[in-house]
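Take this structure, written in structure tokens, and hold onto it; I'll ask about it next.
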Amino acid sequence: MRYFILTNNPLAAKEFGETHDVRFINCGLRDVLIKARDLINDGAVLLNHPLYGSVKPNETPFRSLLLQQGIPQTGNMPAPADPDSVRLIGNAVSAFEKFIVKKEITDPKLLEDFQVVDLSLLRSAVESADR
Amino acid sequence: MAKIKVVHYINQFFAGIGGEEKADIAAELHKGEVIGPGMAFNTGFGEEAEIIATIVCGDSYFNENIDAVKAEILGWVRELAPDLFIAGPAFNAGRYGVACGTIAAAVKEELGIKSITGMYVENPGADMYKDKVYILETKDSAAGMRAAVKKMTAFALKYAKDEKIGASCEDGYMNQGVRVNFFEKERGSKRAVDMLIAKLAGKPFTTEYPMPDFDRVEPNPAVKDMAHATIALVTSGGIVPKGNPDHIESSSASKFGEYSIEGVTDLDESTFETAHGGYDPVYANLDADRVLPVDVLRDLEKEGVIGKLHEKYYATVGNGTAVASAKKYGAEIGKRLVADGVDAVILTST
Amino acid sequence: MRLELGKINITDIRFAKESKIEQGVLYIDPDYLKPVVLEDEKIRDVVFDIAKPGESVRITPVKDVIEPRVKVEGRGGVFPGWTSKVDTVGSGRTLALKGMAVVTAGKIVGFQEGIIDMTGTGAKYTPFSKTLNLCMVCEPVEGLKQHDYEAAVRKAGFRVAAKIGELARGLEADEICVYETCGIREGIEKYPDLPRVAYVSMLQTQGLLHDTYVYGVDAKQIIPTILSPTEIMDGAVVSGNCVSACDKNPTYIHQNNPVVEDLFAQHGKTLNFVCQIITNENVYLADKERSSNMTAKLCRMLDLDGVVVTQEGFGNPDTDLIMNCKKIEAEGVKTVIVTDEYAGRDGKSQSLADADAAADAVVTGGNANEVVVLPKLDKVIGTLDYVNRIAGASEDTLRPDGTLEVELQVITGATNEMGFGTLSAR
């Protein structure tokens, strides 16, 4: 299946950069969700869930999403948005907004821990996608 | 400790003045008097609290002169400076319930005085005010007075004494849409098993978390013949003629506007703008077609893809506008579109 | 399948020269347990400590909580796939040490959470303030990666619990409970008029710090399947989940699954408890679809009338929960779902990240965003170094007077989604 990885996690970009279509964006977690939302509105289909299972969205600064490119229709019309993807990304943005965002994390060890966990969840999704 | 001072609000019926024929009596302040259900409250309060004044108002009078009477009563209450305000209970009396909710909420919000009321869950006042003020749930008729007073008295004392108010189901008030934690008697798994047994037996059960009200609308079947269809534009993106003639608010809009686009092929900076306060207006103000796509619809009209673009469009501001208001505007707009023979509508947001 | 669970009530834990259980007292020689932990070369050192109900002690960050058990009759041994081979467990006789737990603690990642307070406000919310806790804080060898550290501590916990359980072998149980389920035909013949009910247990399976294992298999790789509910009593399902303290299911809660217990209490009376169905909560959306389809299909094929569905975690698993509920209901099988809420500190936000009208029977473990203030306690087992970074905490969590202002999220087991506690919300 053809898909790409949208991520702000440098560790994920490093791990999958050679083998996968990685679109790295240097931004905060909310902006990753918003960017994904824009892509989804233009027809991209979300392949993994935009929220973690328990690390709260205000805690970790990193997120990696698997998206399948929408296929444009004739006449340059963008692909129709996938309703499930729209709902999931919308709920994720709301979920993000209801948590109090903490101060920026600067401790490099902690940042690495968050990157490792994000990478682990991403790897789990990639394994499913590449089966 | 000093007694908790309470002001009580009741209608003409519970004051013993009369029924519907007396519903137009103006508001009266009875200082130092305890009237009707107030007696039972006072007994319930014991040594802890007392009613220092009773305000009586006819239900019709209240609802027909709402702003004036509200101001008058608030003036009295401000002067009396009680620790607590009690309105009702109103049971299932609709106008009385609305009056109780209105005045109890106003006392709380505008005077910062603790305030409660009581009524039946289906009283229209309940839905209107349950998120603004504590409304104790009562039976649907005055036959439930004893139980209502008992419940309201206990709650009133707890509230006035700044004791912790528990979850709605513990303390008998209507859920305010705010989730409050508390400890149940049984653990969750037992409650789940009991709930399942009830559900399987077709017996009533109460979910602990009602799902949000979705109000999903099934889409209409597709328009078959677009080439002869009249298409209208409706937006919650706040596009209005320059100067916002109807003064549609930038958030929590209280109205929608109906505007002509007869002969307009393109919205531009000099003629249209957005009233919306919830997004960066720069791009919408530069070219309002970005929100209300008149230009492309004119193209489609010319190309014969659509029959014609309806000559009027409707706009409101979706920013923080209550769902109830949006529903009301939608129904009205729909009615007018149908009357004008419009076949389909394109709804644009922001 | 029939399992006799013998309960041995532990009334005290003391360090001693000789390890044994005598008149309800567990005597532990740390040197009896230490080699069990250090047999894994990834662990450099371990420190044992004891925390008792009512003491001014805080344990943090908690990884897992485990009840020591030993299998004395029947196939297999406890924690199959870990401390025993993978024989099918859940029949015969097992002894459990009641009133105590093994608590693994220690920092695996910098934001790991989990607080057990033995006294004060926090103690009201965690079930593990009521158990005598033998705590083990493991130190990794230098440079050990997060994955390896997590696995090492997880497995060490099972080894220690099994080792302590061995001390009960040969002891007389204080009380014996018998749990028995029937085969499909047997059940229909025996209870022709009772509704057929199963328990759908959703397991957290997302990746590092979010995993659950079944007979040693990473549950993200399973397709939903059925278990006899007695299997989990022998540790067939164990936790590798270190985050989301309030609503993760530690191994202890799998062993003592409250839904299983309460369904057994009604078995043969108001319902026929058919089996436990386990399913996962994967990150990949197609996996979610497949697993919920399979779960709904199992419900249909087992001719069930109703199920209780429990969740683990928040956010992403809300989608699995709603998919399961919707699809099972669509098969004509009635559901009650057990979850918890993240309604914001003010209780005003949408509680779940997903919702559907089919979910008309919900039991909630409460709002995990509620703020509580935990007192300063005299002793900390583990470390408070990271307390400002855990979920439900903020920069201001550790206040100058030593108290902690936190959301319930940080407290182990506070809003458990198997219904282990009494906390709820309206």
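Order of writing sets the chain letters: A, B and C. Residues in each chain are counted from 1.
Basically, a residue touches a chain if its C-beta (ideal position, glycine included) is under 8 Å from a C-beta of that chain, and two chains touch if they have at least 3 such contacts.
Model, not experiment: these values are computed from the prediction.
Engineer: Go through the assembly and pull out the chains touching chain B as well as chain C.
Structural biologist: Where chain B and chain C might share a partner, there is none at all.
Engineer: Report the chain closest to the protein's overall CA mean, measuring from each chain's own CA mean.
Structural biologist: Ranked by how close its C-alpha centre lies to the overall one, first comes C.
Engineer: Greatest Cα-centroid separation from chain A: which chain?
Structural biologist: Using the mean of the C-alpha atoms as each chain's centre, the farthest one from chain A is B.
Engineer: Calculate how many whole Å lie between the centre of chain B and the centre of chain C, each centre taken as the average of the chain's C-alpha atoms.
Structural biologist: Taking the mean C-alpha position of each chain, the two centres sit 43 Å apart.
Engineer: I'd like to verify one number: the distance from the centre of chain A to the centre of chain C, where each centre is the average of its C-alpha atoms, in whole angstrom.
Structural biologist: Averaging C-alpha atoms per chain gives centres 29 Å apart.
Engineer: Can you work out the whole-Å distance between the CA centroids of chain A and chain B?
Structural biologist: Those two chain centres are 38 Å apart.
Engineer: Of all residues in chain C, which are in touch with two or more distinct other chains?
Structural biologist: Where chain C meets two or more other chains at a single residue, that happens at 350.
Engineer: Could you please specify the touching residues of chain A with respect to chain C in the complex?
Structural biologist: Where chain A meets chain C, its residues are 46-57, 59-60, 66, 84, 87-88, 91-92, 94-95, 98-100, 102-103, 105, 107, 109-110, 113-114, 116-117, 120-125, 128-129.
Engineer: Any idea which chain C residues touch chain A in the complex?
Structural biologist: Touching chain A from chain C are residues 109-111, 145-147, 204, 206-210, 220, 241, 243-244, 247-248, 281-288, 312-317, 319, 342, 344-345, 349-350, 353-354, 369, 389, 391-392, 394-395, 409.
Engineer: Hey, which residues of chain C end up touching chain B in the complex?
Structural biologist: Residues 124, 195, 197, 258-259, 261-263, 265-266, 270-271, 305-308, 310, 334-336, 338-339, 341, 343, 346-348, 350-352, 355-357, 359-367, 370, 408, 416-426.
Engineer: Looking at the complex, which residues from chain B come into contact with chain C?
Structural biologist: Chain B residues touching chain C: 167-170, 175, 177-193, 195-197, 199-200, 205, 207-212, 214.
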